[in-house]
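So that you can tell them apart, the chains are marked A, B, C and D in the order they are listed, and the count of residues begins at 1 in each.
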Amino acid sequence: MCGIFGIFGHPEASNLAYLGLHALQHRGQESAGIVTSDGERLYAHRSMGLVQDAFSEDVLSKLPGAVGIGHVRYSTAGGSGLRNAQPLAVDYARGSLAVAHNGNLTNADELRERLEARGSIFQSSADTETVVHLIAQSAQRTIEDRVVDALSQVEGAYSMVFLTEDRIIAVRDPRGFRPLCLGTLRSRGGVHVVASEPVSFDLIDAELLRSLEPGEMLVIDKGGVRSSFPFARQEVRECVFEHVYFARPDSPLGGATVYDVRRALGRRLGDEHPVEADVVVPVPDSGVPSAMGFAERLGIPFELGLIRSHYVGRTFIEPSQSIRHFGVTLKLNPVTSVLRGKRVVVVDDSIVRGTTSRKIVKMLRDAGAREVHVRVSSPPTRWPCYYGIDTPTRRELIASSHTTDEIARYLTADSLGYISLDGMIDAVVGARGEGAEARARFCHACFSGEYPVEFRGQPAGRQLRLLGV
Amino acid sequence: MCGIFGIFGHPEASNLAYLGLHALQHRGQESAGIVTSDGERLYAHRSMGLVQDAFSEDVLSKLPGAVGIGHVRYSTAGGSGLRNAQPLAVDYARGSLAVAHNGNLTNADELRERLEARGSIFQSSADTETVVHLIAQSAQRTIEDRVVDALSQVEGAYSMVFLTEDRIIAVRDPRGFRPLCLGTLRSRGGVHVVASEPVSFDLIDAELLRSLEPGEMLVIDKGGVRSSFPFARQEVRECVFEHVYFARPDSPLGGATVYDVRRALGRRLGDEHPVEADVVVPVPDSGVPSAMGFAERLGIPFELGLIRSHYVGRTFIEPSQSIRHFGVTLKLNPVTSVLRGKRVVVVDDSIVRGTTSRKIVKMLRDAGAREVHVRVSSPPTRWPCYYGIDTPTRRELIASSHTTDEIARYLTADSLGYISLDGMIDAVVGARGEGAEARARFCHACFSGEYPVEFRGQPAGRQLRLLGV
Amino acid sequence: MCGIFGIFGHPEASNLAYLGLHALQHRGQESAGIVTSDGERLYAHRSMGLVQDAFSEDVLSKLPGAVGIGHVRYSTAGGSGLRNAQPLAVDYARGSLAVAHNGNLTNADELRERLEARGSIFQSSADTETVVHLIAQSAQRTIEDRVVDALSQVEGAYSMVFLTEDRIIAVRDPRGFRPLCLGTLRSRGGVHVVASEPVSFDLIDAELLRSLEPGEMLVIDKGGVRSSFPFARQEVRECVFEHVYFARPDSPLGGATVYDVRRALGRRLGDEHPVEADVVVPVPDSGVPSAMGFAERLGIPFELGLIRSHYVGRTFIEPSQSIRHFGVTLKLNPVTSVLRGKRVVVVDDSIVRGTTSRKIVKMLRDAGAREVHVRVSSPPTRWPCYYGIDTPTRRELIASSHTTDEIARYLTADSLGYISLDGMIDAVVGARGEGAEARARFCHACFSGEYPVEFRGQPAGRQLRLLGV
Amino acid sequence: MCGIFGIFGHPEASNLAYLGLHALQHRGQESAGIVTSDGERLYAHRSMGLVQDAFSEDVLSKLPGAVGIGHVRYSTAGGSGLRNAQPLAVDYARGSLAVAHNGNLTNADELRERLEARGSIFQSSADTETVVHLIAQSAQRTIEDRVVDALSQVEGAYSMVFLTEDRIIAVRDPRGFRPLCLGTLRSRGGVHVVASEPVSFDLIDAELLRSLEPGEMLVIDKGGVRSSFPFARQEVRECVFEHVYFARPDSPLGGATVYDVRRALGRRLGDEHPVEADVVVPVPDSGVPSAMGFAERLGIPFELGLIRSHYVGRTFIEPSQSIRHFGVTLKLNPVTSVLRGKRVVVVDDSIVRGTTSRKIVKMLRDAGAREVHVRVSSPPTRWPCYYGIDTPTRRELIASSHTTDEIARYLTADSLGYISLDGMIDAVVGARGEGAEARARFCHACFSGEYPVEFRGQPAGRQLRLLGV
């Protein structure tokens, strides 16, 4: 998972990109980067770590110009360091080019092999680099046509922002796997911004104009914003997981905030898996809205029975190495007074490996819970994502090889209930005020195994050939 | 504000102190330090910044021994750097001595002048250093007697942990301003720990034995734990602000968790300042429990209408300098779908200068709130704290010079209601299951101006004489 | 200027590469890098700064394998940062490939344009990257043939070491501009090393086997060392400046140590520009041997009248920015007792801009010298180097636009004498015990303007298109 | 060993202190510190490492004021870190006070025990801190009288610079063990500087006015410079080792430069230990002048047969840990062409443990030397220094337990000759143009065991009681 950002037309482009990336920090903490243009040259800075650590005032002052793009990268297995950090910036025949990518290409290996056979050299193991090669080798004349030419050859998920000396090109793939939206600054006319999520706009006082449509390409330059749909039409497949887990709750994705969607998921979960209990507690922070919806639907008191430390990142994401083995204990603490002697429902947004959930159940029991019922606001996660979510391999996904009963026993839970796939989609569509026809717009491959685009590659193998900076 | 920690009897004392301090990180982010003893010598490491940045595995490995104390320090105005970081460690006639202090001495300047007149030199501007001088100059023979001798001369708030080559001495001042509690490791016999809050124990799998009584002194050495009450008896004055703002919600202070206390405050606030509205939203994270209590009492739906970014510290506490001017916007985002067209009650735990609250009201209105009613789960903060809470000067406290109506107008709120002093104390006492006689046990000087101990000093003047490392 | 190193067959390849680079530190202080192979993958680490700062034990431990190459890079005008640091490492069709390069290609821009026209993308502005593209695009089958194919298309100066998963390929260009030598470890059989200068061998207890011949290519793998001469024969043109200025005095280049050569230059300088004086003082450290030779020839006492600080780098090379304006004063101090009232000859190895020499003359006079005669052990530097020495532009070279008399006046010297071009070459050839026929083997373009290979490019322009990491 | 610096009256005092310390870097590389005063407050910065690493422009800008002192500290056994770095700065009854000290007090332990018995606490293990306590406890009124009162109680070696809000006080102890000199800026009137060596003045364009006399105290404030001799007269005992080893060769100590003294030592060494040989080579850099004198006296050619790497510190001083085991090889390389087949005399300035010399003899033989004769320009080092030179313990000094013959065998040298004590003193006195009466002015305890001041303490014991920051 990653976050991308672009801005055109503001003299402090790098500062605004910095703030925009900051608001997207939840989408990736492994590395951060910004590339700007002053009209003649590109200026790049990429660094491992959080946005606030990667950039200082001094560094930002060395990224001049009124146009810029940025990227935050999610921690991936085996993390390959600065070499794979984005934006990727290169020189080619027509000048310089930088690109920030959110998503994953399913035919990158195939393309790479073809490119390498022609003599291309690669500086990273990122699939994004194939796109840059395709652009450089395109027979088309304008950069817009070259980008279209290149992207017509790739498959999979891509929300991308390109930067040249004088323009930004923003693209959302025809299936619309990953979000991408357009905004404009309130405080200054003629400044356009694009970002993975509209939360990126609040900090810089920009307002959301709209989401890019699947398959849409925006060219932003001195002439303004031009939209086109240059790619072959595909069935839309927005990632449902964005709503359940990834996006910030205040993100209005597709007409409803993620917060609304999560509350709706909680209510539906309550319909599907009711339980008699004394208290509903969420696994904070992402489980809070669905726990509220669940509690509301079943009329059980909602309480914050687990407190999350502000000084450690989220479960899916790296704590500092030296304390990793303390796992969940570092991040969550039980509020004994809420739990002691109670029948507790704990609501989480997903179960991946099951290890964290098991620790939480134990923590609740140690704090005095009489019963612990686990409710999950997404269906069992059984399949890896090939479109940009950094899931573990199938073998590690507990639901890929165990029944719900088996998982409940592993968790030592008194009961376990996942929302159904239909239930989840109903809830999302309902919260967005859409009709039944919208039910087909989602990719839910990680739950259903129904992959909209076939994956053709050996992901791990390629990545390990060249390591380091 | 600060957090202190001590451990006796575990071969990896520095690692456990590290984890213990980590759980106290909310009590101070300016500096962190640990001093250990291997029975013959003391080993110290202090550093500016967060616990996780101040210590690495390598640094911890250079702090050997089975006994150790630690400290996290709150950011204070004008920040004085490493020179004032704790634990303070010195050599004196009887060996080495380190001390970690939470609180503030009200006669430190007076004592310091007297000590300096005798020829004492000071390495820091911290009031804590006067205690060490008094210990060194005491005519008493044992370290315990010297500590008693020294502390009998100081006034004000002090929860302290001392470390010598072979023991820990933990003291809570006779008025009990600041908390201090005792625990023991579950996984290993004979290991005792002390900490500002019991949340410090969870991470290291220790269990809370009890809070120290006001005026109690514990000596922990190979012979075990010995308790005494060597100081002149005083009326107890626990800091009520710990419950309202400072302690972690899962901290069981005085028989109830802070979470319970906050919910009770919310309910009482609802009784005192009811309002007709569509939704109650908290200022996260500390305002959540009281908002829940408020919503419950008045039967108004509770929603998370403001989302807090996980990657920035709390309002009271430093964001990185370069983005400070973006203020609250960096940390909070509105959930538009919850707010649009609604009559909103926003519940916060305190109003200090008013600037943040004003921004929040504006943010809610910008997000479409039709009405904004502010409710505060503490009384108006009108007086500075002389006992260890880092409040601004009187002039900066908006409530010290404005009426509630004036403040409401400044905030542009449709209405404003603070809990009453009596209401707050009732709620705290009630949540703790105590009787009316317990109402007198609290210090509420920051709200009432009733200072249990007179402050005698010129705080700012002294601190600025010698700067740097 | 740069230094390169390669090692094959030692389990601690990265540690030995580290030490080898350390001994080559005088050849470049801007950046340092090492790439190793464990037989399957390449592991890279590059960093700005000195070798000892770029690598720690921890970093070296992450560079496993028995094969490795390394590079130190000289500070170039406008410094382009990590992006241009070497070894350059890429993935291509046949696996991974890394290369370290000392020298400069004269047709790199032309090649780059041709490559870009075909669609190649560039990650750096270094000429070295063109070679890697040519290798990747070669129609040849083996890596050796591909390297030959690529290098047959480039012109200019290149001593290069390539690393693949299982071998090292070392090449010295047919004109032999830059040195490259082969050695073997004394302490362990079957370990071969290559390096820019044999001083690199001493630290790792390797012995010099021989210099590579101009046009020679060595393939070092499990089968041992194989030599070939696959390139079209060219007239040899070794860089004479290496002997005068660049190489370490203990480097045995071409049969004599650089120390011997410099002493011989000093003697010849004495023959050509005798002077009556009381004392000969060198500009330390590189001017010491020629001053000794000069003093010996003319029978004038040799004294160290200028002392060089050990804690600052050499004139040509970056002091830390903040103290740059103090220039030569930071590095040199006069020994007043040696100079006061004396007629002083000061011997330096070259005059580039003249500003440093002018300061030295002033410093000597301020210290009491009655007369100051400047003698230079190289001819006037009038032309830029296109083969890898980082000289300033012509305009900045004082000798390109001023006569010796004018320069003497600028320096405020009582007299000024440069060694003649013939004299310099005679001295070098003589010290190496070679015959007159060897006089033609040198490149002296920086003194004579006789360029053995034409330069075709716009060096500055290209480099500035894409900046940063 | 340490270097101290002080400046009064320049608006950029911290910048000039930085440059002054830079020129004293050879006197200490472990830590560096500067304290300035703006007339009201003191501003301090101390850091481990070299001057250029300890200070940045940013750090210097936070040290305002026109008065400042600085310190560089030598690496001592067991290095105790920042806690012992200087200048030491404290608050006491009369304001703030900082002090930088070069030397060693012989009764510090005694004084410390007395002070601790009175109740003093110590923040460091440095003897310097006792002086500050004595000043704070003095019954005298003015700071000058307090300093005199304090220093009248200490014994041993001390060149010290004190800083208060408005003045500098510089003191050289009555025996004059360590140097200290006074200068004035050329470029700006009324600015006075003091420094351990006058080389510190060159960089800042100051001129040497004079050395302080033993027992002299200077008070420098707005009224100018006032000199007095407030201490009981003692026989002068300047450290002879400063001239032989420690000071920079361009330092004019006592009327001759150190360079002259070293040349004279070389000549005398030639008289005392002549040898038939082909070449004289110094151990660079400190052995160069004495090797030149030796060669000149015996008419043997002088050559630089050993080249010192510019990128590693001197033998006595820390290379980075990871390469320490490579010892001398890292720093010295033989020039084979100078040595092969030759009878070589190698001249060094001292032999401490013998291990380095042994490696040098081996290196020379490996490079082809037929004979190796070792000559040393100081007498056998047999006794530890109690006055500020960081010598190893007696047990480690090879000459304390071995005859010259035994040492020669250990070194595997063909012959070994040390200058005699008388010879050394004659040479020093002669070079300074002094009469025979000056022979008594030197401390040569490290060679002779004749300690001018008895040492009373247990140096190691005290230092290890409290470690870390």
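Please note the rule applied: a residue touches a chain if its C-beta (ideal position, glycine included) is under 8 Å from a C-beta of that chain, and two chains touch if they have at least 3 such contacts.
Quick caveat: nothing in here was measured; it's all calculated off a predicted structure.
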Chain by chain, through touching neighbours only, how many steps does the shortest route from subunit B to subunit C take? 2
Using only Cα atoms to place each chain's centre, name the chain farthest from subunit B. C
Between subunit A and subunit C, what distance separates the C-alpha centroids? Give it in angstrom. 49
Centre distance in Å when subunit A and subunit D are each reduced to the mean of their C-alpha atoms: 61
State, to the nearest whole Å, the distance from the C-alpha centre of subunit A to the C-alpha centre of subunit B. 36
So which stretches of subunit C touch two or more other chains? none
Pairs of chains in contact here are A-B, A-C, B-D, C-D
Enumerate the contact residues on subunit D facing subunit C in the complex. 19, 22-23, 25-26, 50-52, 56-57, 199, 202-203, 205, 248-250, 252, 256-257, 259-260, 285, 288-289, 292, 302-304, 307, 309-311, 313-314, 320, 322-323, 326, 329-330, 333-338
For subunit A, which residues count as touching subunit C in their complex? 35, 41-47, 62-63, 82-83, 89-93, 95-97, 113, 116-123, 125, 132-133, 136-138, 464-469
